[in-house]
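So, here come the structures, one by one.
Next come two complexes, and both contain subunit A; in the first it sits with subunit B, in the second with subunit C.
Moving on to the complex of A and B:
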């Protein structure tokens, strides 16, 4: 936008004389570029958003093609339990993720651990391994060693394994960006390491921690493949329910409504993240 | 308040020796500056006093207490960093009160102390602001208040002004000195800036390559440099290498004779040198006078040379004079700097023996 205003200003100055034609021609070509690039962005958005819009529209269709809000009431009634399981599993998983990732990231960044890079690569492995492979390895591990297949904790553990690097990486980045002078200043003022960590370091790596929480939450909340492998028979999470329903009953408007609900929860958590941490919290953080 | 004693402390990083057997005594309430170029080990030394770095060898004492193995949080020190390092998520008041709050002091007592400290650094109404809402100079003053709030035994400064602009540096260095004087705290200050060191120190420790070159007052360091390094590092200096040929006179009139090339120079005779010893004789640019013939003053050392360049610098002019293939710098002021602008060719330079200092060439 600024580019086009700038060029129109120059053409106004050059108005008299033969040069103005050149100016105008340049102006039109600028405008063309503007129109084309804006059009391209809108086209991309349209292409990406269309499936979701289609799903949204479909979730509102009643029997015989009528408009039906009942689908969403049905979601809370019949799928309430599935959503509740999804939320519980996600909450527990990200809490455990955080409890492991905080000390791990601190040790990796602040202490001279030999083979740092190798450790970090191994820890990031779940990011590059397909869900089916993780699921299969978990099943084998559980059956032959821990017999965790019958409890919720087996599922939570599986989720932690899959999402741990998503929590670790942003915390490592945030810690690396945090000048060590803050910790040294706190220590010279008489604070113990524990106090320094909770009162100084943790608030200052808040953006990294929250990014990790958001990423891990969205992945766990929407995960169905690993869940398929390790879920106990009495636990069905929302994504698993959608998968099962589509497989057995085809795509019903009520299933679409459940899918839309899940999408809204994920979307809301992203919005919340950018609202709280993406803007205000980043500014004024470590400004030295 | 306490004395600080370093007993031959050494720090190795692998093969690199950062600090090499450094010993130093700082008196109670004294303001000592470690001065040297970057990489000379001054910051490493300071961080060892704070306990942020463990020495490879040697002991550190506060009064008679050996603090070498005590962690920083128990040393009761005030460390001011190069950056203010104020906790960005805490208000100015909470920053200043941090050191007291971790010691479990009551909120009312902390609030009173914080107000006292804010008033002391002249930021009385700033308690509620966040550090990001302060200027660089104000932030560093809050950092100062933060360390003073805990009533530390020793104040340690690691180039606290280097991130600020020049005017601010000038005013803040006197604030630091004034606060140190008022609180009577022992202070160790690290800087690479000579004018800063000269402005605020009781004593200056000139460091080079992990060792102490010279410890002394401003005048000691400037007028009586003990080594060629100090002579060349502090201010501008002209070095004339030569060999000691003899000695004459006593007391203030004692002179050391140095053969520099074809000339014999007469140096101040305070130091002991044996005949045949290799020395460098140093004379400051401001101690050399241009002899224009009209002057009837006699100088003990007179050299002849050719003016190479005149650099007008405002209050002074810098002359580059070539003497026997060696370029000497002469600073002139007053009317002479204007008349010399139009002159080139040969000049005679005169300087007294008391301004020519011989320093031993390091082995």
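Moving on to the complex of A and C:
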């Protein structure tokens, strides 16, 4: 201890100049690393939003490079029906998702089910099946077995199967975080299982449930691939309309306006969720 | 006064026995709807297309019975091998791009960034779908579009950018980037930062620290992330279609749509679907084995 202070003292006395230079250089090199790494993060974030920003800019162009708000009026007018279908399909799908995910998550976490891991894998496998394969298999089965090709429900159940694991995972995480003592206390005080669940457990896992709802909503709302395969001819959701228009009609500012509207609605739901609940309920799902 | 405990003993016993039986049935009833929906709308259709891929073209509905054949797979190997190869090529390139850019991103995000919620908010944009990414990129890369001055400055002929392999790979890697960051970031946040400090104190250079300390500790996460990205990229659909040339548009997902829904060649189309499915499942199986699958236990 004394030796080190002595040596640093002598060095300070002998050569104050070089030492301070070394100190400053080290500081600047560390700062350089910081600047570069944060710059890298911002560059990546910029790349993430670039397609959106480009569409946003494009959606405001009119004939002859004018500033056109009419494109967005067009979204509500001509594309209104597609938006309405998207919202209806999303609403129905996430309602069914919730209705089947909630009991399943409760059973997986709170009951000693044999083969729990296997059941969870079986239930969450749909996430990893390519959308085109889900679409193809569904359209063929709907044709030959279920006869659902002309019904909205075929589309809805296709969406449910694809997004149901996204709903299941956050609910499982939330339930695992919830100490069982609350439920035991409620039961000791005479509440039935049913009352305990709806009055105690459900409010406490609310954030997890909302995380699942939000994830499933975003995915269903923007889904075009499975929809392309299984949609009945009279139902065209907004993402599917965008896909068809980009493929057949080329680039149009009105299509860009619809895409921007879709992304803004999705982003608003994400931001709303982040404001209310924070981000920790996304653990184990898409966002770290 | 409160009611005294008047429960007779035998009734209590009967009650508990009934309770036990119910306790075994309740979880099954709770899991029932989820399992039923998954079986009906995922597993049964998948089994259906596997069966269909082994039947001769239009004998499936014949009353005399379907003719079992492997001719669909033979035809695929004969004529559609390039489609499979393009799919694999695009997925591997996207995975490599994600690895190169995603690992440093995850490192900085976990170790240095305090504004993580902001980063999360930005990172949801790719999640809205490959369709919007491909659409936006198509507008950006159009000759005369916003990126034209950039390409002119770099000396790249502007007409060769859109409808090319690199732009497809770029769009695909943007779409799957968050998956990579999620896996690697989770693995990295489990590594104690003091280990890096110790390595630095012992005289290791940053690259050495990465190779000898960080890489062995996060290998599982990196491999899981790469496999997951690869598996997701196999099913790529909108990016090659909107940004690729004729060669990239041969990806399996798009070809099976053309064969199955437009030309109604179910045998060939389901054979492609099965190949895609097997590839994706294999990759995912290893990915999940490598990642922390400890959610349920």
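The rule is short, and it goes like this: the second predicted complex is superposed on the first by the 259 of 288 C-alpha atoms of A that agree within 3 Å, B and C clash if a C-alpha of one lies under 4 Å from a C-alpha of the other, contacts with A are read in each partner's own complex, and residues count from 1 in each chain.
The working rule: a residue touches a chain if its C-beta (ideal position, glycine included) is under 8 Å from a C-beta of that chain, and two chains touch if they have at least 3 such contacts.
Since the model is a prediction, treat every value here as computed from it, not as a measurement.
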Touched partner set for A:203, first subunit B, second subunit C, both or neither: first
Partner chain(s) touched by A:32 [first = subunit B, second = subunit C, both, neither]: neither
First (subunit B), second (subunit C), both or neither touched by A:69: neither
Which superposed partner A:263 touches (first subunit B, second subunit C, both, neither): second
First (subunit B), second (subunit C), both or neither touched by A:140: second
Partner, of subunit C and subunit B, that touches more residues belonging to subunit A: C
First, second, both or neither for A:122, with subunit B first and subunit C second: second
Shared subunit A surface residues [contacts with subunit B and with subunit C]: 284, 286-288
Residue numbers on subunit B that touch subunit A, as the complex places them: 50, 52, 71-79, 81-89, 98-99, 102-103, 130-132, 143, 146-147, 150
Complex interface listing, subunit A residues touching subunit B: 179, 181-182, 184-192, 195, 199-200, 203-204, 283-288
Interface residues, subunit C side, partner subunit A - complex: 23, 26-31, 33-35, 37-38, 40-42, 44-46, 48-49, 52, 60-61, 101, 104-105, 108-109, 112-113, 116-117, 119-129, 131-140, 142, 146, 174, 177-179, 181-182, 185-186, 189, 231, 234-235, 237-238, 241-242, 252-254, 256-257, 260-261, 266, 269-270, 273, 276-277, 280-281, 284, 288, 293, 295-297
Of subunit A, residues touching subunit C in the complex: 34, 37-38, 40-41, 44-45, 47-55, 57-58, 96, 99-101, 103-104, 106-108, 111-113, 116-117, 119-123, 125-126, 128-141, 144-145, 157-158, 160-161, 164, 168-169, 172-173, 218-219, 222-225, 228-229, 239, 242-243, 246-247, 251, 255-256, 259, 262-263, 266-267, 270-271, 274, 278-279, 282, 284, 286-288
